[in-house]
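Take a look at these structures.
Shared between the two complexes below is chain A, which has chain B as its partner in the first and chain C in the second.
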Partner chain A sequence: MADISFWPEPEKRPAIDTRAHYLDMTRKKRMYGGILLVVFVALMASGFRLAEMRNAGDFLAGLPMVYQFPAEVLSEAWAMRGNLPGLFLEFVPSLLETINIAGVATLIGALGAAFLALLSTRGLAPWPWALPLYRRTMDAFRAVPEIVVALVLIYIFGGGPVPAVIAIALHTCGALGKLFSEVAENADLKPVEGLASVGGTWPQRMWLGIIPQVAPNWLSYALLRFEINVRASAILGFVGSGGIGYDLKIAMQWGAGKYDQVVAIFLLLFLTIVAIDQLSGHYRDRLVKGAKP
Partner chain B sequence: MTMADVPLTRTVELGFRRKRLTALAVPAVILAYLTYAFFAFDIPGLAGRARLDNAAILLSDFWSHKTHVTRDNRSGGLTVAIEGEAKGTYASGTTPDWVTVAGDVTTIDLGKGHVVTYDPAGARYVVPGYGTIDIRPEGGKLKLDAPQPLPDWINQADTRISVTTDAARFAYSRSKVETFRYFPGWELFFFTLDSPFHDKSWGELAQLALVGDRIDPARSNIGYMLSEFWTNKMWRHGDVAWAIFETMLMAFLGTMSAAIIALPLGFLAASNFTPFRAVRFAFRRVFDFIRGVDGLIWTIVLSRAFGPGPMTGALAILITDTGSFGKTFSEALENIDDKQVEGVRSTGANSLQSARFGVIPQVTPVLLSQVLYFLESNTRSATVIGAIVGGGIGLLLTQAISTQKDWEEVCYYVVLIVLMVMLMDTLSGWLRRKLIKG
Partner chain C sequence: MLLDFRGVTRVFGERTAVSNVSFTVDGPCFIGILGRSGAGKSTLLRLMNRLTDATAGEVRFKGKDVLSLKGREKRDWQGQCAMIFQQFNLVPRLDVASNVLHGTLSRRSTLATMFSFWPNADIHRALDILDRLGIAEQAPKRAEALSGGQQQRVAIARALMQDPQIILADEPIASLDPMNAQVVMDTLRRIHEEDGRTVIANLHTLDTARRYCDRVIGMRDGRVVFDGTPEQLTTGAARDIYGADASFSEATTSTAIEAPDAEYAATMMA
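Up next, the complex of A and B:
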């Protein structure tokens, strides 16, 4: 009430039409929004037209075919459904290899990421001047697509799981390093100071002061990454070699006659991914929110 | 110490013992797993399989190129070709100045005193500090005259003799004799040999571009230069630029359409917007199914239907990401603050209006940052998807790698891909800051 009394009499107030201003502002905002929307829609439409023009087959002609291939595969596999249990067993070793590639790559990548993260977090880094160096290293690891590293390494090492492991581990190291360092930035520095005051070395300070604080979040990110890496490892197998992706490629290249194998691999991959998804989701929930009493 | 403290100390001690055990057990388990993987992946056998000579070729190809000087020993014809490719062959009579042709005798000056001579009798290689290596065919075999004992950089067999020095590589077989001279840099990166701008220095080029007479009267020199560069037959800069653009297009179209499709579906799967459990459950399972049938499988199925190209890649990204977006969007929608929605509803808004004014402003930052993050990561995926469906830079990359000799092109593409990903990273970060905080 008090401020109002300082205002001049209503008829002497400066003529600010709040309502008109507000409407004006809204109109302007709406106009900008509309322009943005039109630009966006135009971009999408022309983008799709362009993409369709440069595509081998066009969209409408291909649409009915989307069902055709799965139908063909499924009907053949249904006719040979008796083979499926045997095929499942046959492909389990390569599935294990795919999972192992992801597992080892996640482990190595996460270990590397932990070091890089601690080295590149302000307040924790033993050499603060080298901070940008480690950060750029992580950026570079993240920017190189796995397929590039894998394909080049296949030329040197020949086929097998090792190129895929190195490729995925490098990428994991970059991706997790960034996330780890964001977590470590928020860690409480008091334990570190306490350890420093009693003469703890840098590894001791990190191991006893920081790692226990960040472990749940780091583990949760690493689990999520494992999930992503299982998919990546299957794809790398398909493009390069090793694991179940490679078997899938061989079976696909054979075409009709081996579709029961294709379906067996599809199913194995699907079930594994769903299972790992669920498991990692469950454990991530527990890690971040704390164990249920 | 009172009686009550005894169980407490015991608990604490037990707790410590357990902690200590886990602290030892975790590294032990990791180590055991890595050991298992070490043998499962046959790392000991890897040393035998690894082709370190391939690695050396690859590394030297990354930063240098070689020019082949080849004489066909049967016809006597001489070709000088960069990387031995038809596209890089010097027209006859226009050899580079370190190769001199005088009748039947060809002299190759490799610099630092290394000289190779091809003549009708055979070929000679003068290596400073060692002597002359003389090779002539005699009775279907190759006769080698060189200071004894032979060093290990001369490799002699009945039908093939090869010499590797730091100036060049030289190989003599019955059918042909070849000298490879290495130069730093990527060959013919700007202009190919048939272009009028080849062999000109930067200064000359700048002069031609700005003030020089027109080489082709029909167009300006700078336009001519750009078109010569763009249509460079060796590096195909134009095609590469298109491929990069296609890859970015795939990522953009796929991510954005997935977001547009997933937004309404997210509402249908969120518990606070869809009261029907069955509908919610159905949509959740659809999202799980899409995410479970991995991007790899969607890509294969779609490329069967639509053929290779960027649209197939965009559709593959669209389907895969609809699943992920649907899940994260519905989770974001479930976590909104209900007060705003109630406020809008209390003014008499219907459900569509309350969604527009009560919900969307709340979730926009979360959704946008999610979409932009996916846009960046999809640029990388689009490279891989391009390799599978056959489109964009991924296709060029796999093609260049499968020839197993164009490693300088592989290096070029890798540099471009990394730049592209970094560009998208910066762009999406900038947009995120602008749209969400600004």
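Up next, the complex of A and C:
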């Protein structure tokens, strides 16, 4: 057994010119890379020409104007910068409403996502034959944009935060469900098997065997989703669900003269998202490494 | 009669992992199952614990077929038939005492376990069991912080928490160093002698089987090819079990330590 696992003496080895072989391989790789680059550039150029033809105006002619609107907004806001602290305070209540909508929607959506994820993960699902059913349900939740669901619900229930919560929760459920399921797929099944061997029920196995493993990643995805949902909730304000989006819409439609409000609202949204990002990092660390003594 | 295996068979696709296994166990004893990798030892234990379903056959425990149990009854049976795994199969992020308390899952409601409502009596019992196995001071630590040998003892504690009639051990010492392996095997033997529980262990070294078992069952390609006392387990019989030729030598795989080093053992136990 042992003697065949070693190479023969150097002069007895089969005559393969390794150097020439390797250089040949490198040359081939370079050529493929070059061809791919040429194809990519050609596709981009032709695609741009097509998009340009379909455009109402002229992209290149419009390019210098891109900076005009932000410049106008910023210069006006700078001129009225004394108003900003007051405006911050004025918009805080509607910001809170927006954050509340996002928070409730993320919580409900994440709970739904956790169930759907566990039901649709191979190896964990209690009914493996129903796996495609739960996956397609999540796809459907994800496929419909929040704003469409919100518009339909606002039409039925009238404007307000509840349609926005439902719309965002549905989308969150689909989006997080897929991510949660991918995390759960990588979870170690040994603890689950251990819990099965003592006679644990499916919920017990999931709660004690899977949730502690996936909690940090799930939390981090949920907080990222919360951040996205704050933005979504602000946008839904445009279609009449209240919150800071409604104020932004009024200020933007008013145009010149209220640009200080526009800037104040954008700054508030930016600060909120920075705060959520910091919080998410902090709590994720705590979950992974345990509380600091 | 305690256990009665009747024609137990398990087929995975084309492959027959366990083929028509029949034997009986009259009373509490320590049984070792030997065989090379893929001989069906693990599948046999998993069938008994109901982690895997059998294709055909019966396993009668005190006259009742356990392979046909479903739902509540199946979980009750799993509660009486504890299992110990090669890779311990603990929940790594939870503390040691919680892992031991998981032994009572089959008797607790889902809602109570979700909020960790363990009865105080159970918590005391879990700590007593840990104390008996010499790892009481590890109780508040996360299971993943323990060494392999300690984790396997936690797994044994979880099994004892179930207060089982039978303990199935699937290669309990295969991922442990010789000293820890001895501690774990001594523990299992002690549990059998002091509590009168039946232990069925998959082993893969002959000297372990000879030293600890009252009865040895040899499996090859899913079938029982040897069933006897450790004294009957000669080198010839072992060659049959492993399908080896005359070049087979026990010394190559043996991990026996001739004169146990008491001092080293004491440091490992600490």
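One rule holds for everything that comes next: the second predicted complex is superposed on the first by the 212 of 293 C-alpha atoms of A that agree within 3 Å, B and C clash if a C-alpha of one lies under 4 Å from a C-alpha of the other, contacts with A are read in each partner's own complex, and residues count from 1 in each chain.
Please note the rule applied: a residue touches a chain if its C-beta (ideal position, glycine included) is under 8 Å from a C-beta of that chain, and two chains touch if they have at least 3 such contacts.
All figures in this text were calculated on a predicted structure; none of them were measured in a lab.
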item: Contacts of A:Q213 with chain B and chain C, given as first, second, both or neither; value: second
item: Contacts of A:E97 with chain B and chain C, given as first, second, both or neither; value: first
item: Comparing the two partners chain B and chain C, which touches a greater set of residues in chain A; value: B
item: First (chain B), second (chain C), both or neither touched by A:P191; value: second
item: Partner chain(s) touched by A:P203 [first = chain B, second = chain C, both, neither]; value: second
item: Chain B contact footprint on chain A (complex, rising order); value: 40, 43-44, 47-48, 50-52, 54-59, 62-63, 65-66, 68-70, 97, 100, 103-104, 107, 139-140, 143-148, 151-152, 155-158, 160-162, 165, 231, 234-235, 238-239, 245, 248, 252, 266, 269-270, 273-274, 277
item: Touching residues on chain C, where the partner in the complex is chain A; value: 49, 51, 74-79, 82-83, 85, 87-94, 102-103, 105-106, 108, 110, 113-114, 142, 155, 158, 162
item: Contact set on chain B toward chain A in their complex; value: 30, 33-34, 37, 40-43, 46, 49-52, 54-55, 58, 246, 249-250, 252-253, 256-257, 288, 291-297, 300-302, 304-312, 314, 380, 383-384, 387-388, 391, 394, 397-398, 401, 404, 410, 414, 417-418, 421-422, 425
item: Parts of chain A lying in touch with chain C, wherever the complex brings them together; value: 188, 190-191, 193-201, 203-204, 207-209, 212-213, 290
